[in-house]
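A, B, C, D, E and F are the chain letters, set down in written order, and residue numbers restart from 1 in every chain.
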Amino acid sequence: MAVIKKFLYVNRKAPHGSIFALESLEVVLIGAAFDQDVALAFIDDGVYQLMRNQDTSGIGTKNFSATYKALGDYDISKIYVEKESLDLRGLSKDNLMPLTWEDEDDDWAEKDSIQVVSSTELAEIIDNQDVIFSF
Amino acid sequence: MKFGIMVSAGPYTHQASDTAYYFTEAALKNGHEIVRVFFYHDGVNNGTSLGVPPQDDRNITTRWSALAEKYDLDMVLCVAAAQRRGLLDENEAKRAGKDVSNMAAGFNISGLGQLIDAGIQADRLLVFGD
Amino acid sequence: MTILHIINKSPFEKNSLDTCLRLAKRGSAILLIEDGIYAAQKNTAVGNKLAAAAATHSLYALAPDLDARGIGKDKIIDGISLVDYDGFVQLTTETSGVQSWL
Amino acid sequence: MKFGIMVSAGPYTHQASDTAYYFTEAALKNGHEIVRVFFYHDGVNNGTSLGVPPQDDRNITTRWSALAEKYDLDMVLCVAAAQRRGLLDENEAKRAGKDVSNMAAGFNISGLGQLIDAGIQADRLLVFGD
Amino acid sequence: MTILHIINKSPFEKNSLDTCLRLAKRGSAILLIEDGIYAAQKNTAVGNKLAAAAATHSLYALAPDLDARGIGKDKIIDGISLVDYDGFVQLTTETSGVQSWL
Amino acid sequence: MAVIKKFLYVNRKAPHGSIFALESLEVVLIGAAFDQDVALAFIDDGVYQLMRNQDTSGIGTKNFSATYKALGDYDISKIYVEKESLDLRGLSKDNLMPLTWEDEDDDWAEKDSIQVVSSTELAEIIDNQDVIFSF
């Protein structure tokens, strides 16, 4: 049987000012088909990717922020947001879009995908990965 | 008023190229003159004829080309920056022994002197970049 | 007349805003665009620094860039004026030159 | 040991593409295996056949091509990133109705699945970028 | 075994080093390359921060990148080991994974 | 007679890690032929461009640092380096390459091109420019 690896996508850049957030999301969606143990981390300006109420109509670019809400449908349920990054930016979880997944082992109960974690917790998570894609 | 515009970032990768476009368009709509749009650094990649963005996205290059057509804009790619990054018009391609060129409509290749000249001619020079 | 300083980088990622605040002459104008607009949110360490600069500089932010990033107009520092692309052009005509802190 | 290499920055503009090259070369010389070099974001620009750097500078693309030739390297450009930025092989060019392609020797175009696959196959995956 | 953290950005321009120092687990390795090597110079605010990290992390710098930037080997923080590209490869085999703080 | 404009080249990026320092220098050299009132400012990591003893042989790129020494031959004599940027990096003028020009109005005396200036002085200089190229 194939080994399942721990994949972490590290998102540290703000959306819209550069394409990294969008192109990172494209990797995540393709990667979801590979049945690995996937998690996403949002650190530094990466937390801005999850902001509510993004409206790109005035800058003429694609508003890909809605796509994050589809991650649960791709069985991506581990979304780590660093607390220190939120704090520094005057943000809390309430400023972020709600992201959920349905747990098939728990009668398809809808559960929260976002876990706000401390630096110490995140350091442990990062150190435990097999493959880290950085954006 | 006369504006010179320098675009230092490639299309899609950084928003700078979008902002430069909207600024240029707004200046023209408000009756100002654009002396030149000069593409430098990765900005030269705005001039590729081979870009195929997704259907639901903007096409940055054809948008520049259309603006140039409408307002008779002078859009110049720096020759040294373009050669380094693989943007060639027919003349440059021939000179380099390449059998293809990839310059989109409305863009021209010229030297850095055109950037300095834009600075001299324009009342305001703006840099949009990464 | 003084010049217009433009910031297009996040103040949490890069040092562009700090350098601009150090080198923008008293009385000059500062415009936040692209990822630079993250500086506009009040009640952060960065926002407080910028709020202090409102006493000595004219502050502007590009509204479509705020909207794109989901920063509500009620969340931004008092004293920042919002402009659209036409207003951006207008600003450059009212100042004597432009410096972009990339 | 098996390595996967992701290159996220364009040639010349950022040193990341040079570092990726030297790392890959050193790994190969030391007897390691390179599962794949995957070019993403502006990294796809490393694969252009039209780059003409100054005579006294390195040619980043031909250097990659030579390394691929020598070690039978698998070098892949992400198709979506490449289309957006104007990097097309003959098939992609034909499909997009373009009459020219600009893919250098040794580079192939494929999907993002090849990046994930590199992560699965390799013992170590490294990202070089801006 | 812990992972290798790579920094390729100047700590004076970007926040990559700060974030790395916050998120690199105790005992892990940190390698400075490209413009990241400017962090290696001692007796600066940044250098002192990194010198403190030498107590808890293994620190490395890519020698050819130091040379390119004119940072003399006598100017760098005690406790940083210099590696060449072969040494860089070796480091990645001795650690359990790699995270690049771009 | 043509108006002579004040041109300022603002250099804020470190050399070698990206191409901006090199491509900025290319503009400066071409621009020197246009008889404008030219000055260069080195701010933030831009001050690293002027470091002595740069040796790029190990990274295989062009060592363009010697070219700065030729600026005097192009009649470029105003090179401003911000003191605060040097201080923060633990550097002083002694760490920088000596850059000189020959003053034709003073019997071709060789003079120092580099002026280390305070933020306040530099702010005044920047505000007085007609054209600013930023890299």
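Keep this in mind: a contact is a pair of C-beta atoms (placed from the backbone, for glycine too) under 8 Å apart; a residue touches a chain by one contact, two chains touch by 3 or more.
All values derive from a computational prediction rather than experimental measurement.
Common neighbours of chain B and chain C under the contact rule above are A, F.
Path length between chain C and chain E in the chain contact graph, taken as the least number of steps between touching chains: 1.
When each chain is reduced to the average of its Cα atoms, D sits farthest from chain C. Seen from the Cα centre of chain F, the chain whose own Cα centre is farthest off is A.
Once the centre of each chain is set as its mean CA position, chain A and chain C turn out to be 29 Å apart.
The distance from the centre of chain A to the centre of chain B, each centre being the mean of the chain's C-alpha atoms, comes to 35 Å.
The centroid of the Cα atoms in chain A and the matching centroid in chain F are 43 Å apart. Along chain F, residues 16-19, 44, 59, 61, 130-132, 134-135 each make contact with two or more other chains. Those residues of chain D in touch with two or more other chains are numbered 8, 12-13, 15, 19, 22, 41, 54, 57, 80, 125, 127, 129-130. Those residues of chain C in touch with two or more other chains are numbered 8, 12-13, 15, 34-35, 97-98, 100, 102. Chain pairs that touch one another: A-B, A-C, A-D, A-E, B-C, B-D, B-F, C-E, C-F, D-E, D-F, E-F.
The touching residues of chain C, counted against chain B in their complex, run 6, 8, 33-35, 85-86, 88-90, 92-93, 97-98, 100, 102. Interface of chain D with chain F (complex): residues 12-15, 18-19, 22, 54, 56-58, 130. Those residues of chain B that touch chain D in the shared complex are 10-13, 41-42, 45, 48-54, 57, 61, 80, 83-88, 92-93, 96, 98, 100-102.
Those residues of chain F whose C-beta lies close enough to touch chain D in the complex are 16-19, 59-62. If you check the complex, the residues on chain A that touch chain D are 2, 5, 7, 19-20, 23, 26-27, 30-31, 33-34, 36, 130-135.
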